[in-house]
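Structure first, then comments.
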Amino acid sequence: MPSEMVTVRSNQEVGEDVFEMRLPSSVPAKPGQFYMLRREGSALLLPRAISLCNQEEDTLTFLYKVVGEGTAELSNMKPGDKLRLTGPLGNGWPLEELSGKRVLLVGGGIGIAPLLLAAKALRQQGNPADCCLGFPHQPFYQEAFQPDCGALSIATESGVAGHKGLVTQLFDPADYEIVLCCGPTPMMKAVVALCKAAGTPVWVSLENRMACGVGACLVCTCSDHQGKNRRTCKDGPIFRGEEINFDA
Amino acid sequence: MTLETKLLGVTLKNPVLMASGTFGFGEEYAGYLDVSRLGGICSKGLTLHPREGNYGPRMWETPAGMLNSVGLQNPGVEHFIRHELPGMRGLGPAIIANLGGGTIEEYVEGARLLNSAGIDILELNISCPNVKEGGANFGLKPAIATQVVSAVRKVFSGPMLVKLSPGAENIVEMAKACRQAGADGLSLINTLLGMAIDVEQRKPVFRNIAAGLSGPAVRPVALRMVYDVVRAVDCPVVGLGGIATWRDAVEFLLAGAAAVQVGTAVFQNPEAPLEIIDGLQRYMERHGFEHISDIRLKK
Amino acid sequence: MTLETKLLGVTLKNPVLMASGTFGFGEEYAGYLDVSRLGGICSKGLTLHPREGNYGPRMWETPAGMLNSVGLQNPGVEHFIRHELPGMRGLGPAIIANLGGGTIEEYVEGARLLNSAGIDILELNISCPNVKEGGANFGLKPAIATQVVSAVRKVFSGPMLVKLSPGAENIVEMAKACRQAGADGLSLINTLLGMAIDVEQRKPVFRNIAAGLSGPAVRPVALRMVYDVVRAVDCPVVGLGGIATWRDAVEFLLAGAAAVQVGTAVFQNPEAPLEIIDGLQRYMERHGFEHISDIRLKK
Amino acid sequence: MPSEMVTVRSNQEVGEDVFEMRLPSSVPAKPGQFYMLRREGSALLLPRAISLCNQEEDTLTFLYKVVGEGTAELSNMKPGDKLRLTGPLGNGWPLEELSGKRVLLVGGGIGIAPLLLAAKALRQQGNPADCCLGFPHQPFYQEAFQPDCGALSIATESGVAGHKGLVTQLFDPADYEIVLCCGPTPMMKAVVALCKAAGTPVWVSLENRMACGVGACLVCTCSDHQGKNRRTCKDGPIFRGEEINFDA
């Protein structure tokens, strides 16, 4: 069932304010899809959208950052606690378009989460992607990427690890045939601009406040350059970067 | 014992309908609950012409509620009839087309098209900004609301609900006026007017400043209005506003509602509508009620 | 940087006041938070004569809110002046006497007694059932509300707030009318009208059927009304309705409120008012505001 | 501080839907007083009133029955979870009036909770009370009463233990100089009627929906026979049974 009460398997801090939660599920999902999570008896009305970070057999792994009340509530959950899990939702990365191409994955902060399964899928196709991950300070979860990437480079703004600076300084999009990107909006804007200049197609995973997550309520729309609305939850969350008007 | 009931002459499997704007055209949710079990589905609010809706943020969470500023984004009545309605029809539940507009002419044209489209019920949403009157809501004063209702009544011959705004100056007077202008039934409440300010960015969240409040937070207000309206008019009343559990639905049925709608609750739990139907059934069994109308408070 | 501010000429340590009916006469809470740190305290709603209030259940919890039907239980104005006011005075915060009534004469007599009693501010609660008019609320129509306000204005010479009901047919028109009738400032909102039905006992919870809804659930509605009223009148506005955290208080100050009141939130957390004061201080420091009035949205 | 966030020490089921929760506190309380409890980040607006059942050194023990959402939320709490504890509140049993008297404690169901500390106080005064406890079915916590009572009798409606029937069949109020009673309203009404007939003074611990718990909001009033309002939280929860109009 794509909406059910499930029991938390594990939930632990893996970086500063960053948690990894494992939940059971037997429904197969595509890399880049997301789920809506809501604690049983939550004090909050709406579930929270979290991207699938990993899927092994019957276990889903989510990586999330505590930014407000909802994610704080999730972070307080203990094994055995119950939550409502709805999904998988959204379109997922365009894996069919990637086969045989030179692919670069660019992740910023918690935005690295939806990239891991893309890396795994490409590695399985025998076509591992290069991977550039940027963090404000201490990196996290990069060890999970290591085995599934080609070249892995790290940037940190504070300089505690890898290149001191922004992730956009780590790569030249002209070296790749396609780029997949997820991170804070300013970073995605910058990556899209670089790729556009280099003529390299780029796909981004967007975030937007959501209610239904299934395309019914129209609160999560973003705009393309023609001013047409796109539902982040249903038509996305993954869009061609060139199409999206980040300033709408 | 049966959950089956009639609303304005239309047979419903059960009195649980999905509220307009929260359930799209029904198909969006088809993978997440058994949509065929629902009593009915109100379409996303339609207007004569397609609309892109409002710019900027469209949603903000509040305690036990949410504010929305979708702004009637919809594909237009013709597109609906051609492309969405056939799919909706195939789902099973009764189809209620929710119609809005910016001018009386727009309402009338939309209703005329829907008149022969094969919908079960028309739900006239009068909580829309009146373009000609500087954006004031059609649903605040009886004099303006009745103009819309009676104009639409002339062109729409099927069963017609008028959906009331809780912002009406006097909800009971508004209900009576709409009934007299030709409504076969009334549904209430639409969203309450609310707003939010982002305290760190120091500006109102929504471009339009105000937005519509829905969800469990509004339920006590909705229930009081339904209770008062039921006692003032002689037509079926559909109750909604914050219904999330079977208990909430029963409160409205006790208040005298002929049916209920579930909106915001489906966001927190896609299975909520079915849990409500099941809970209602158990409630009726426990209390020995034969028909939905038996639930209503006596006296 | 200072939290000190003036309201109708009265100096407040900070703009956080306790709402009428939720904080008794201040002494009840004295053991549970440092009451002396508050900006002010609104007394339990007073009437000329003592009242025992309503029979039957008086409270029902709702999502992020509560319904109450206390019905103005109070010891009467004279008893207040003789027995409660001296203790209240000793607490430190500014004293706002909240006055209700069932007739205009009762309001006037009560206000006359309070005029020389040494209170800091009078808060006129016009959301009271009008005994002579079959119980219809004084606060719904400007024509009736202004009769109360102007009659009281004649006998009360100190600073006077008029507390508005969210049930007013048009809150902005009501605000303008009360201002013109002599209010020095306005406070809003009082409780929204709501109701609840006990689904197993199958009867309305409250003997009066309707009851007053308060708490975080109503905040978006209250904020919108405060925002609109601030922009329509030229006097200080005190904002309240569902304020539970410093963020909530800041929303109202950004909307243009001169001060805020905290009601229902103190029930869930007696320390909430002090946490709000502390959070407000940190907010002002972070944003470099000197005075409370600097918080207000520009433009 | 009489309102503070505290950490759950233990919380376990001790009977059917009956839980025992231990919380830290160093503020001394009187037998018969109560506290307001609210889980941190609760989905519910108001705290729940729970009588103090036991107090040892710096540990408070509460005994509560799951009847709705709030008590269900409490029952899901685990050691280490936080809740806001406000109290002690209310007047407590009139211990000064009991000294040297023949005292009977009558408890029904979860209403036995506030009687335990009264039993302990009387035992310490060298004046142990007799104790009659009634339950619908399986008794609970009666072993906690054993060491601190004179005679202890049990009644169960289903007959699984002790006398089969109502607790009111276990005693004759004429044998006592004072009776303390807590239980469901119909039971307290019956006990008050019996005591009145026998001329034995009786004190009852009342329950009523509460918001503030400190006497400020007036939502919890009960009525005496003169129609005067009494605040259950502040003037009570313990009243002379003869004074209260149970049918108001």
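Quick notes on this one:
Think of it as A, B, C and D in the order they're written, each chain with its own count starting at 1.
Keep in mind that, in the parts below, a contact is a pair of C-beta atoms (placed from the backbone, for glycine too) under 8 Å apart; a residue touches a chain by one contact, two chains touch by 3 or more.
Predicted, not measured: the structure shown is a model, and the values here were computed from it.
Taken together, subunit A and subunit D share no touching chain.
Graph distance from subunit A to subunit C, where chains that touch are one step apart, equals 2.
Inter-chain centre distance (subunit C to subunit D, centres taken as mean C-alpha positions): 36 Å. Distance from the subunit B centre to the subunit D centre is 47 Å, each centre being the mean of its Cα atoms. Separating the centre of subunit B from that of subunit C, both taken as means of CA atoms, is a distance of 34 Å.
Each of residues 42 in subunit A touches at least two other chains. Of all residues in subunit C, those touching 2 or more other chains are 62, 64-65, 215-216, listed in ascending order. Taken as a contact graph, with one node per protein chain and an edge wherever two chains touch, the assembly forms a single closed ring in which every chain touches exactly two others.
Pairwise, the chains that make contact are A-B, A-D, B-C, C-D.
The part of subunit D that touches subunit A in the complex is made up of residues 41-43, 69, 72-73, 76, 78.
Contact residues of subunit B toward subunit C in the complex are 62-65, 67, 169-170, 192-197, 199, 202-204, 209-211, 213, 215-221, 223-224, 227, 242, 244, 247, 250-251, 254-255, 283, 287, 297.
Residues of subunit A touching subunit B in their complex: 2-3, 38, 42, 44-47, 84, 86, 209-221, 223, 227-229, 234, 248. Those residues of subunit C whose C-beta lies close enough to touch subunit D in the complex are 21-24, 28-29, 31-33, 44, 52-53, 55, 57-62, 64-66, 68, 70, 73, 215-216, 264, 266-271.
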